[in-house]
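Pasting the structures in now, so scroll down.
Each of the next two complexes has subunit A plus one more chain, namely subunit B in the first and subunit C in the second.
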Partner chain A sequence: MIYKNKKIIWIFLFPTILFISLFLYLPFLASLFNSLYDIPNIAGIGKTFIGLKNYIELFEDPIIIDAIKNTLIMMLLTVVFELGLAIVLALLVDSTKVAQKIYRTIFFFPVVISATAIGLMFILFYDYNVGLFNQALVKFGQEPKLWLDEGKALAMISLPVIWQYVGFYFVIILTGIATIPEDIYESAYLEGITGFQKVRYITLPLIKGVIKTCLILVITGSLKVFDLPWTIAPRGMPNQTTYLLGTYQYKTVYEASRVGYGCTIAILIVTIGLVISLAVNKFIKQEEL
Partner chain B sequence: METVIKKYKTKNQKAKPLKMKFTLSTVIIHVILMLWGLTTIFPLVWVLNNSFKDREVILSNSFSLTNYANFTFENYITAFTRMNILRSYGNSFIISGTVVLGVMFFGGLAAYILARYKFKGRTFIYGALISAVLFPAFATIVPVFMGLYKVGLVNKHLGVILPQIAGNLPFAIIILIGFMENIPLELEEAAVVEGCGPWQIFNKIVRPISKPAFATVGIFTFLWSYNDLFLQMIVIRKNEYLPICALLNKISSQYGTDYGLMTAAVTLVIIPVLIVYLFLQKYIIKGLTAGAVKG
Partner chain C sequence: MKKFSKVLAAGLSGAMIVTSLVGCGGQKATDTVTAPAEVVTEQAPEAEKPAESITLRTVSMFGGTDPMTNIYGSSIEEFMKSNATVKVEDESATSDEQWKSKVLIDFAAGNEPDVIFFFTDVNAKPLVEQNKVVSLEEIKSVYPEYASNITEAAMASAKYAGDGKNYAVPVRGYYEGIFCNKTLFDKYSLELPTTWENLEKAIKTFKENDVTPFAAALGHVPHYFIEHFILAEGGVADHSNQDVAAVKETWVKALTNFKTFADMGAFPIDTATSKHELQQQAFNDGKAGMFFDGNWVIEGITDKDNTVIVPMPGTGNGKKDPSDLIAGFSSGYYITKKAWDDPAKRDAAVKFVEHMTTTDLIKQFVVAASGGAPAADIGAVEGLNKLAAAGAKMAGEAKQCDSAIDGWLSKAAWDYLLGKVPVIAIGKEDAAAVVDKIIEIQNSNK
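== the complex of A and B ==
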């Protein structure tokens, strides 16, 4: 063992521990604490202890129920389409040996753009008069549509979220596939394996760990979505029907100035993320047996 | 259909000595891949194209290519005269640049320890980092804001920088650990024999070898910091300190119906990111694939 000096451990870890505790863990505990108070402003002046009243309100607030439903729908859509497309594209790109780099560069591109810019871009696309979508419809002789009405709004908000992040998971999965040692494939080729069998019996099982990581990232990511929905449909437009937990939390704290209740919603978001991630972890582990 | 496939198969057999295989399936695969590629590029081309048109022209036909007759810089001129865009670029680069340096330095040190040392509490710290990735900013923002307010960092660059360093550290450390764990120990053992201490080993061996991973971490941190509207919006309200994304958000809420201005504003926000991406994307790929090759 060359690594015996234990003093250095804490010196090197100190900045990280300081940052993580000051800006992540302590604030989280403070949020937990604040969720038991009624706090009328963001400076925290004049707060009163109200016990579990905020939590009781969670069950009675109709917008929260909608927000949970919307968030879960978006989560499902992102898991199916974002991760699904990423896996398919990664397998396809891996199977061609040509132009891999170009595809990687192009597919990853939306990831780097700010969600605000993408949000504005999609506002322009959805616009009734000038929008890309309606002008395309008219070109093909169709009637223009109202893209952000109550029926379609949530799907239309999810679309750019999915579109933006496919490339991210695509690159992670493609990298995962690249770590599979070449000789595994070689021996399989000697046994006469087909392309589909290769994917089903070698590639997919070997990148299970990567997919699991991606799954957890997608799920927790869908709970963090804020910039895009807030740009495209601020304040749950239309008619407060498209609130997600994140956007509703922002509105509660910064526009309605109900800071304590906002913290309660934050705790709800973390709880949902934790429960689902643990379930995913357990589910995939069991399958491996 | 079958004959086509047969034709391709025989063609393929004949072409066996050649390296390039040109089968029906590869054609289909490339078509699918190109279609997806089109969806990622076309929207941006549409925006860029329209940013050089008068808003009346966008209104009547947003698909037409800008040509000599209707080309105009008007939208950009409006953007620059109405908003102090250069100052916002400056704010963004001060904030994101500092965040990148902080994350790489602190993250590198922590990752090196967690990758190499076995000690009591290692699993605990590692677990705490992983769960920190799961924390949405919503869960921490209120107390963080109250704290920043108390120490007078609201409306200051540092008020965005510090929480962003904390927010990006867990991801950075996890990526760096993954890379450092795969560096063979021999080099470090040799360095110990030569009498190097932990800092020298880190600085002279681990850090240079891990360059691709650091590049990946640096680029992602820069992008996430530059693009993070939520924190920017909450901590900075004064125009003087507004980073570019927050400014864009402001423009859109004030001039949302001026499509020409909007497309120009979107283009202006995207350009620095585009430059960073096009010049450094080989490091993104290098960083991600080099981790895969397993040194």
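== the complex of A and C ==
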């Protein structure tokens, strides 16, 4: 350690630790505590202690099974397409010399748009009567499609979620690729390496750490994604089939007014997130530079 | 350069710490806001000594897309002109589930406004039970003329059901019914759905001719169908019966209609995922024959001359009179205890509500909102368009009215029902099982 006097580190870390404890850990403990109660409104009036009844209900709730399944499907879709596309784009853009900055701006743009605005836009894309997609289909002589039917709805909801954040991970990975020293590539070129081999044997292994971080971000992000799915398909429409853990929890607290049960769902989300993050951490080992 | 970056870094971290603490202590924020107001009034070049300025925080649902937003806004300006010492800070927004939640959260956090125009039904439960609003009885004991222009019927309808007391001053009542596209009905020689047979015939004929019978978003706003199916099956007697177990048969038969109507093709293909506003647009575009809604939507109906409104027909079992309606007074002006207990604000708040509930203003609201039942006797109303006049007539001719079920059903039960409607419509859920669960939730919420 560079610092001889370790107290300085604590002094600088203290404000953030206090902040995180007050606004992250304390509410989480409060949620854990509240999940043992039946709380019929957000003000907490009429709180009754019911022990583990909320957890028993959680295990018996058919919608929770659907929500977990849908969340895992969305997680898979975002990891494969969001992260996958981000890696592909980063590799492509890294090999261009010209206009790297332009690509970075263009791809990062959707990240700064409000998710609700994107959701409202996609509602107008997917609408059966006046939607953009159906208008285009009809123009080309096809039959209009029901984009949000039970089979396709989850994929259609994931589409804007993936589209919005590809740019974010693209920029992170591009930065990671830029930290790889040029001399490694130079020595590889001397040995006659092809482009594809360069990517497979040099670039990808050296950005493993960055990919691992992005993977954890994507996974935890998809666990709590709420704004886009709720704007496009509130209340799990169609027919309660597209509930995600985040949207189901919101509905339970703010529409069904059952705060205790909502806290139980929150604990479930955190547990699933921790388990998956630890698994990812264990299975992807950091490659030392 | 080094010094500059040090200063910049210090400044940025300072700004970050300050902005992160801004959210704490609602009291601090309001104080900083009142201070400049006081300065402004004191500098006014008046001969009399500068009076103490009061800031009144008001909230209402007359904001955003609500048609009454302009009148509400100009009334507040008028009030401030005639009461120079009072500054009104209004934070109104269109009413939806999110806004209702926001209001309840503000009250729970102690951040409630001084005057609020809010619902008097089950949504008011947290406000009343937390003792955060003042009853009209108490206000009248100090200001006997308060709300003296409001009719008995309106007061009776605007009581808070939990304890039978009045807490809010109503302004305008609502009514609901079926809006029909007269042009389409005439095109296919159909009679208006004044009887159940006419309704079924209309649905069948429209479906055969590729017209959507009902512009409905069952996944988003099935509220009107729920209310009217139950009213059609059980009349006002069963609809108003808060013991759901006692009228279970009516509820089951009523909710089964979702499946029956869906099988008849009464709903659009995307009813499970569409939004109510988009369906309203489809109705306005002449793509659908009928649209269920209330008087507040009249301003948003584009062809008011060729649209008519009719009450829901009874199913034919004699329980519902053809003229019975879902209607009532379910909102009004509350004065919060916070304002009442503050001697400076009490008078201002009372004056404000009295200003906003004069008979003349009620008349303006009724005309601007294209009808609705007035809470005061405003006499004959000119300036209503054809559809609004027809609606007001329908409301006036109703033998009996009952207010909506979502006014007394517990939030958890109502939310459960809303979610199950599209599932019943596609036949994946049994209406009887859903009603049993509603009864269970109601009992556990007592």
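Quick note on the criterion: the second predicted complex is superposed on the first by the 271 of 289 C-alpha atoms of A that agree within 3 Å, B and C clash if a C-alpha of one lies under 4 Å from a C-alpha of the other, contacts with A are read in each partner's own complex, and residues count from 1 in each chain.
Going forward, a residue touches a chain if its C-beta (ideal position, glycine included) is under 8 Å from a C-beta of that chain, and two chains touch if they have at least 3 such contacts.
Here the structure is a predicted model, which is why all the values come from computation and not from measurement.
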*Side-by-side fit of subunit B and subunit C on subunit A, or clash*: clash
*asked:* For A:Pro15 in the superposed arrangement: first (subunit B), second (subunit C), both or neither?
replied: both
*Scan A:Lys198 for contacts with subunit B and subunit C and give back first, second, both or neither.*
neither
*Looking at the overlay, does A:Asn239 come into contact with subunit B only (first), subunit C only (second), both, or neither?*
second
*Give one of first, second, both or neither to describe whether A:Lys212 is in contact with subunit B, with subunit C, with both, or with none.*
neither
*asked:* For A:Lys224 in the superposed arrangement: first (subunit B), second (subunit C), both or neither?
replied: first
*Looking at the overlay, does A:Lys53 come into contact with subunit B only (first), subunit C only (second), both, or neither?*
neither
_Contacts for A:Asn41 in the overlay, against subunit B (first) and subunit C (second): which applies, first, second, both or neither?_
second
_Output check: A:Leu148 vs subunit B and subunit C. Expected answer is one of first, second, both, neither. What do you get?_
second
*Which of the two, subunit B or subunit C, is in touch with more residues of subunit A?*
B
*subunit C-contacting residues of subunit A that also contact subunit B*: 15, 19, 42-44, 123, 127, 129-130, 254
*Of all residues in subunit A, which touch subunit C in the complex?*
15, 19, 40-46, 123, 126-130, 146, 148-149, 153, 233-240, 251, 254-258
*asked:* Under the stated contact criterion, what part of subunit B meets subunit A in this complex?
replied: 20, 25-26, 29-30, 32-33, 36-37, 39-41, 43-44, 46-47, 50, 58-59, 61-63, 106-107, 109-110, 112-114, 116-119, 125, 128-129, 132-147, 149, 162-163, 165-167, 169-170, 173, 185, 188-189, 192, 197-199, 202, 223, 226-230, 234, 245, 248-249, 252, 256, 259, 262-263, 265-266, 269-270, 273-274, 276-277, 281, 284-285, 288-289, 291-294
_Residue ranges of subunit A touching subunit B (in the complex, touch as defined)_ = 2-3, 5-6, 8-9, 12-13, 15-17, 19-20, 22-28, 30-31, 34, 42-44, 85, 89, 92-93, 95-96, 98-99, 101, 103-117, 120-121, 123-125, 127, 129-132, 135-136, 139, 163, 166-167, 171-172, 175-176, 178-179, 195, 216-217, 220, 223-224, 226-227, 230-231, 245-246, 249-250, 253-254, 259, 262-263, 265-267, 269-270, 273-274, 277
*Inside the complex, what are the residues of subunit C that reach subunit A?*
17, 20, 97-98, 101, 104-105, 107-108, 125-126, 129-130, 219-220, 268-270, 272-275, 278, 281-282, 287, 410-412, 415-416, 418-420, 422-423, 426, 428, 445
